[in-house]
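In the two complexes below, chain A is the common chain; its partner is chain B in one and chain C in the other.
Up next is the complex of A and B:
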């Protein structure tokens, strides 16, 4: 091991960064090294300084940032304090950065082929034509089908996964020594995420480059990384081989993260054992029959069949998870249930009444019983309303509540979702993502609904917050005995929350069954593919073998 | 209130804006005590005197004291502009809200009417309206208001078009909010900021348009003290080296427009909770 460290590809030594005199250190005393052919995972929650660290390695600190101590060495030579021209050679040439949200990283007014070619020409002496040809070759290497045509496409014509591949191709153009991937797969579907990461890791191996995967997903770390650094508040609190870390994290914080990332142990048992429920006649609370939703395609007589003949039902006290990748129509189903969209066919029966044909005024009264928790916590809260007004809004549906009763109920709800009482006067932008999510949940639960649609309740949340929200939802559901529809692509949370699972693809339900059954014995290939794309927080055999070989090799030298 | 004081103390622009506004208000309230001549009394013997101790800003071609007229003109100019813009705001904002929120043939029709109003050359419209209604101060205000209503309505409409698709509007609908509640409690407060900023810019524009209308003979008439009119009479003498007749009322326009622009920035910052606490 020590031998490898001495010839480290990238060595960061005691690096500290702050934003001006007297400000707290944004990064403090960061030290780590990265060898050739090694993949280091950097894990931490929002605000831990992960992205700042990535930018530091490229010497691209944000406005006002400055290095206060330490050094970054690339094959023994410092990269700090060298001329701007030399730095440019290193950036993209020897250290490449792959960022989040590839579509935003690509220029919208230039074809992707031209963009790759431009990067090529910046680092290699070749003609326009050669560069274009090389770009197409690179696109083949990153697994893009039909590269000649795709090269002439503009970024908005590509899917998220495709755009991410293009960005990877661009990063690999000059054959970098170090690849930094800053949450490179955030927001991609699980199956695409696995493909993109597989590709990234494969390309790094081929080039013999070292890679730093910055992520908040310990599943990614477990599957792809050799070593992991846990970051908290600008420091690395733990740096360990992945196998050892997963087996026994040394630090309290690492352990907390790991616990939160693991599947919550007991999948909720359906309340069928409840004698009251069992005696009830088998009329489902919500019954969706042959639901149809079409979206016209502008300028053509064609339509998109967003929901194509979907039927399912949810019993009282039951939770159904609707899983599928983006574009499968699962969110559209949720929106039809709360009548944010009108369906084009079929019926939705709620407690015996067909809500698709109900007049809007009549359905408004029904809204007390059917509520929805929105996906993105921040944008679903009016930025000009303080929390107490936000939570009080649905209470206006109950005309019997006077001002004092409303205030009291708001306080109860704030308490219910485990927020501090003082939060009532605060505006949404002052809250963390987790707190925003809780406010959204409090809003949905305000009227004590019988049925709640949760649209992606756990996406875009930090590991620990995600676990907290899952626990909260589970407790609340047990307490209030409501039925729920979970719309998600996070299979991990499905396991801990849902009694039954319905898998959607292209607007249809392809498979439905009890949660345990789907997870243990899925019938459809598509479901199997989804399950296979899930990255559990355990080291795969391949990784373990690699780690073993490394250790032996290290010992031998 | 403490937030307001803290904001002003940290933002010199707001301080300047408020000071200049105070100056204008003082001119409106205390004009007779701040000046030494009558604003509308000609003295042919004192025609075109350069600035001196007796006439601080000099005199114009009819021998009227320019300083006196500038102070008195504040009343006319601010009155016309503020009344016109306030009227346009009060009428234009709800129209914009409605035609942005409800997309039907009515809103399409309203938009075409706005196109019609705005495609008219300002001065042709101004002259036509003023010639029909008579050359009164109030008519100038009405002309300006008619011109500004489409501006505010379009501004609000554009905001509403994007805001009505926001998830928090869907969330409000799920919480049982009615159309009225969504429009006035959710969308309007978030849509107002550009319109509020536009108020101050419009007041400046109104001052300039008033001056322009006076210049083409469709605005207020001599000897009413009005900045634009004073600039236009002074412009004729500029080439003769008589610079003070046009310069000082011109400066008054600049100061007035500037003060409202600065106040617009202040209002914008103070009305937005996402910037408020950073102040």
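Up next is the complex of A and C:
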């Protein structure tokens, strides 16, 4: 026992990595240690080197990468410079990695059960049958119902959350000492994220394993981790117990991250004296009545009711947030509004005209007034066009603009979304995720629309970028007085943006009301569950108790 | 009505996926085959040259030509000729070759196995060479095999097969004397085994005739090698591209991080590369049936390709039609098998 305490489970000592002579260090002088039953959070923005660190710990650097200094010790023994066969025993056997985007981590042509069993067989001497049984047993433990049948499923037949559990099972199957979770819950719904992380942490505790949670979400850190390391540009700038960090970050950068994550500006309330709203409260700009959208299921007479009798309205200058988990039908609603999909029933009235029955040619003119910002900006941007052409494209809807006027408008728009003027000549792949979002927004705003649908505008963005995008959208709305529908599962952003919130589940709106009312006094259990799944950037009592126990037990810091 | 169709759909879904794939593909085969018969019949009729005139020579009188045309059924309308043709074909009668005077079926049955044996072994060797080189050059990128295979890939696309065949004969038969003479499928002094499959190598084993087996295997070596050398280059290049992409993919990286051995990882990557490989192999196999003609000629193989060229030159309609029909049927079967394998190999395809 004393042995265990004196030697850390995993000790990283002054580790540096670069990509060849003369290149800047991708990781520099990283040092930390991890004890048994300890959870270390590693936080940083895109490009901080978090994922590279995870791969370094497995000695699986990307092509061209090399260690320039330092050592990694697992229970006192180095994992670098040992034979390939010994390294293989460590990978998955003693140090297991859980990556982002589980579906891409599974071989698409093999059943998931076989893939879990295969990892076990790589580390334990057991028969095919025993391994399969172990895989199925483990699937139960990671919360998969009907595991015998699921084990025979292929990855494409599983949801994202389910696939993530499979990857966790793959990591856990050989009973590792250290678990590395590299943004393991990125892109999952909040409720699923909590389930997956709860399960991950529980399994680690049961195994007595140490875990490293790599994330950009300080809520996760506050909720699950014992200590946190803040990474920036390949360095650990701060390493501290979570409680102390949250109370008083020592470094400027840590404080900036924490502030950005905690941004919860004064909630939007439709004030009575608001001049815009007061002028015309009677006729809403957009009125959706009993909207219906069905998708047939191939080979069966059944249909999926993606939108099932949904009604709502948006006044001029108002923002409505449509909140729900993936599969709730919220994006489908957005697509029906801009007629990317045709609805199967009900009506959408925009400024007095029913746009569901409008002929396509007539609606084309209407598109100038109703615009959409797409979820994945990179996919929605033509990779062969520079930014200026991308932004100018929607302007072609307006025949009165000549070339000079178009150029001028493009410059204005770039300025409006707070991008540097030089970005006009740049191509989409050279942009960061935040810049891509801004270009997407600029495209949508180009025609000065009255109504904009934002589809998941803040998903998968770094903390600070997310805060910037939220600020931008708020400013734009204040300046332009447009109405908006905000489709999201990120409740934090809703609170500071929307006047009203509608919660969607299984194609229906289950609850609707003013933002503050939803946040402070939700009526429906489902809304409460959604709210509870948000991880606030504060430690709860359970975490504080655990920290106290650890302190008393004298755990190494 | 729609409900009934939907119900059928439910029953259809209940069938295991592999069975669904095979059934649907086999059902497709019937209309496809009929279409092929129609098209080949019409195409052959459009070739220039009057076979009656050709057979009887320049000295024939108009009367004898007319009588001969009558005999061949060339006077009937196109439609009647077609109905006739389909009816006969269904009874295994593809007419009599104008040139060899044998029933076309007899000619084809004699020659088709020769070509099939040749291209089957050639395909197997092509897969072995192409896929192996591709995997090694991806796994050991920048190594000797990688660089060598690049040169080979370039050369294999540029050198014609008959030239490779002649070179092989020159070195291995003429200079070194290792290979048997390039005259047919089996040594003149060895009697061919009784026909079971039509493949001499297999038939001789069935008959327990080791002499015939060794002889036929020896005769196969050079032509098979020729075809494999020429075709493996394309397969290698395609496999390399596919395999390299998959070898760098996230799930392979994850497999490595899970501590799987390199052998297992290569197997996973290969398993994932299968669909495009299956497609190209199927295409090559169908293509070789006729395209091996130059190699067949050089090695005096007496195969289908040679027969086809002969019948074109002689305006031998029944023979040509027979060949086109067999070739089309063969390609159809190969493609059907390819489709089935492809869908089996990739569980993401809905059937």
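What we mean here is this: the second predicted complex is superposed on the first by the 540 of 557 C-alpha atoms of A that agree within 3 Å, B and C clash if a C-alpha of one lies under 4 Å from a C-alpha of the other, contacts with A are read in each partner's own complex, and residues count from 1 in each chain.
What we mean here is this: a contact is a pair of C-beta atoms (placed from the backbone, for glycine too) under 8 Å apart; a residue touches a chain by one contact, two chains touch by 3 or more.
Here the structure is a predicted model, which means the values were calculated and not measured.
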item	value
Touched partner set for A:376, first chain B, second chain C, both or neither	first
First, second, both or neither for A:145, with chain B first and chain C second	neither
First (chain B), second (chain C), both or neither touched by A:154	second
Partner chain in contact with A:106 - chain B first, chain C second, else both or neither	second
A:123 touches, of chain B and chain C: first, second, both or neither?	second
Overlap of the chain B and chain C footprints on chain A, listed as residue numbers	none
Residues of chain C that touch chain A when the two form their complex	2-3, 6-7, 9-10, 12-13, 249-251, 253-261, 264, 268, 271-272, 274, 345-348, 350
Chain A residues within the chain B interface of the complex	335, 338, 340, 364, 367-368, 371-372, 374-376, 379-384, 393-394, 396-397, 427, 429-430, 440, 443-444, 446
Residue numbers on chain A that touch chain C, as the complex places them	55, 58, 60, 88-93, 96-97, 99, 101, 104-110, 118-119, 122-123, 154, 156, 167, 170-171, 174, 298-301
Contacting residues of chain B [partner chain A, same complex]	166-168, 170-178, 181, 186, 189-190, 273-274, 277
